[in-house]
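First chain written, first letter: the chains are A, B, C and D, and each begins at residue 1.
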């Protein structure tokens, strides 16, 4: 038996699980309020743009999205297995590619802001 | 102290004899149970009075030898700690431990677990050599407490019967074997973690675990194997990042 | 050899229906689908943000409507379930020993709930 | 029949068997060791021992004190040369176990902690909370996994020893999983198969404690020693006999009768000591035989508490407080709550004496050698004897280690004497005999006796006549009854004629072992016309050192009761004296 390489992904999964547990419900509340037009002053271009244009804001956004993606991707890989799909390698390629794509897009978008 | 209450219970037992059966079948026995009895007492009643051919393992009758693990109404239990008074219905279903091959009636095959337990080097690999004549290794109560709960495993294998990942991937080392490795890793006298990592940090080791947590829920001795596995994952991940991203940190 | 062990097959696709604790586990695991989807929503928002005010306003407008609201409500339920199920197991994964005794699990869990509330309030305050 | 060759075969994989196996593997990695047990090692009954293991380690203690406590506790029936060896080896063995990882409870400075036990002048019991035997067993089992030369044969039931040319050269054993008989050929055999408490109905012993190892040696012609000495543990749960460790009293628990009186003061163990301040070797810290006898006295006086499970006295631990009970006696609390529905933190626990341990067993010398060359024995199945007429609590766990290792060393010495094994055909013929004996059980279809029925009659007889106090009349009746049961045993019926995990067959064989042992117990007891330690006769109330400072040796006969021979006790430095457990001693 050899030591596994799973720690790469599991590390991101665990970090993502923790970060999403703390921040995602509140973020969803904000987008929910925005969707409900609960308060027209929130989720405005100016406020968000200001945050995203700030270097630390960029870093925070990138960090949150990065670990959320990889958390979800890794757990999805396990879940697909739990549902009986016995194609772990292929599933891993798909879900990690999705996460990679999301990461790349985030990077591009952030650099353009 | 009140008089002892008695109640007639229908015990539905899964039976299988490889010499006469092609597949397991249920057999129901009507047993006059005292309320203070455990399911094992009911099985012993059957064995002595109704059907001497029923086979099951048991010994201590005090939840420490780990022989009598079985499924009681679908839940992994020690038969000697499954109290009749907790089953309000008139019927109790008793089956051999899930996830293990049935050898005969309620007797399952133990070999897979024993092999896996042995593979994790579940013994002290001393950090330093010390002859017996030099006396004991010192260990403070706090150092003892750090690993103590993991020493309480009685190898009853109920955690394997509860673990769906073991059911789906039989190569998985499983809860009890890995938490026993953790027990030694956490022991202040031990220096064998690196040797054990080769086995427990493999794909068939902790990484097959998805933290269902069922093992810890069913453990009759309140060991927390699920916790041990997560702690190993955290430590192994830190190892990996140190090794690959900060190679200069390597010893 | 008379021995002929009988192996009971476990369904690879429906095993989790056999016990409530497995269902709770699967519910926890599928929250990742919603987190995945929601994160892509955030990425889309970021893309709109990068494309200027017009694009961003259009994005926010698109969020509205029953479908958008429904999506957010479902994701909210899933993420809250994720948070609860994540925090409740932290004492197992990260036990804290102080002196001889381990810190009681419920204290660690409650500390997480407290921190969660603070973080959530900060985010909401910032978002408002 | 498959033949398995080994240098040493060990029967029993509990504390003593595992310790022997490790000692062999460490002494010479080339030795082939066959470790044979009817259960997986961690199921062995060593796991149920709670209180701890005695060994001199603290500076206020001394080997001499351990010696005198043990010899006095055993009512001078212990062989003092054996005790001497035992107390010397004890600290080394317990330290060795610590080096193998045993989670002994600790003092604040990190040294091993000791607790008081009954009949001890000073605290010397090493403990791992109240699961000491469990931790010892698992430490040994797990350590044994290090040695590839230890080949385990789990769930093999030893049926007969192979004795040829006056030497033990192996054994036959039934693989329970397949029902197939195997022949083990070995240069030496060590029996470490535990006691036979299950011949009594009310016992702390597990289901597997059926005296198989004792019967194995006994039937092969080597005698059983001091079988009449059966220890009642004073504190068992009244409904199912679950043990509440002597540690309960060691930590300060006290015993009350129905009037709230600390009745032990009425049985020569007073004066009453203040609650919360136990005094060693006094009151509740008296030895087990005296405490159990005191219970009997209270019962006769009508001072016991009536419960649905019979007469009880009360064990009160409430003053220890929840914290101490949870730290030192967690299993005891769990057992009381689970099996009796009572919490020792909140209420006194009803208890009564329960059959716990057999001081007697296979006769061995101080080297753990039996009279049959090539056969060695250790642990509860053996009688060295260090325990004499009454074992002190926490000496037995240590005994497993000391004499388990000793048996291994003696076996090696025996191998080195390079005796030529008997011919294969001769041994195979012996093995065939054993196989035929088992086959006969399958072939017979007209048996009239039920296994569980005979077992019940045996248990009832033992309970009624061979209890804490015995009479000549009762013992004579018991001898007659057991002889009758042995005859009727020839007529038992196997309901189950299949081969895989045939537990009906196991029970039949175990019943045979128990009946053989029970007869040695009853005959030994009938013929010992004195009161000593755990053997108390209402018709011979005094100890008779003039005639009976002797071990009894029971010699097997297939159809007759055993012949009893007597052997002088080895006395080196402690002449028989008065056992004083009153506060007035010194």
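Everything below uses one rule, namely that a residue touches a chain if its C-beta (ideal position, glycine included) is under 8 Å from a C-beta of that chain, and two chains touch if they have at least 3 such contacts.
Just so you know, these numbers come straight off a predicted model, no measurement behind them.
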Query raised in the report: Considering B-C alongside A-C, which chain pair is linked by more C-beta pairs in contact?
Result: A-C
Requested in this report: Name the chain with the Cα centroid closest to the overall protein Cα centroid.
Outcome: B
Query - Computed distance of Cα centres, chain C from chain A, in Å - result: 12
Query - Distance between the centres, which are taken as Cα means, of chain D and chain B, whole angstrom - result: 27
Query raised in the report: If you average the CA atoms of chain A and of chain B, how many Å lie between those two points?
Result: 37
Report summary line: Within chain C, the set of residues that touch 2 or more other chains is 2-4, 12, 16, 29
Report task. Return the residues of chain B touching two or more other chains; collapse runs of consecutive numbers into ranges. Result -> 18-19, 103, 140-141, 164, 168, 210, 233-234
Report task. Could you list which residues of chain A touch at least two other chains? Result -> 78, 82
Report summary line: The chain pairs that touch are A-B, A-C, B-C, B-D, C-D
Query raised in the report: Given the complex with chain D, which residues does chain B contribute to the contact?
Result: 1-4, 17-20, 36, 47-49, 51-67, 81, 83, 103-105, 107, 110, 114, 117-118, 121-124, 126, 130, 132-133, 135-141, 143-144, 147-148, 151-155, 180, 184, 187, 189-190
Report task. Provide the residue numbers of chain B that touch chain C in the complex, in ascending order. Result -> 16, 18-19, 23-24, 74, 98-99, 101-103, 109, 140-142, 145-146, 164, 167-168, 210-214, 216-217, 224, 226-227, 230-231, 233-234
Requested in this report: Please name which positions on chain B make contact with chain A in the complex.
Outcome: 164, 168, 197-199, 201-205, 207, 210, 233-234, 236-237, 239-241, 244
Report task. Report the residues of chain C in contact with chain A in the complex, numbered from low to high. Result -> 11-14, 16, 26, 29-30, 32-33, 35-36, 38-43, 45-47, 49-50, 53, 56-57, 60, 63-65, 68-69, 71-73, 75-76, 79-80, 82-83, 86-87, 115-116, 119-121, 123-124, 126-128
Query raised in the report: Hey, which residues of chain C end up touching chain D in the complex?
Result: 1-4
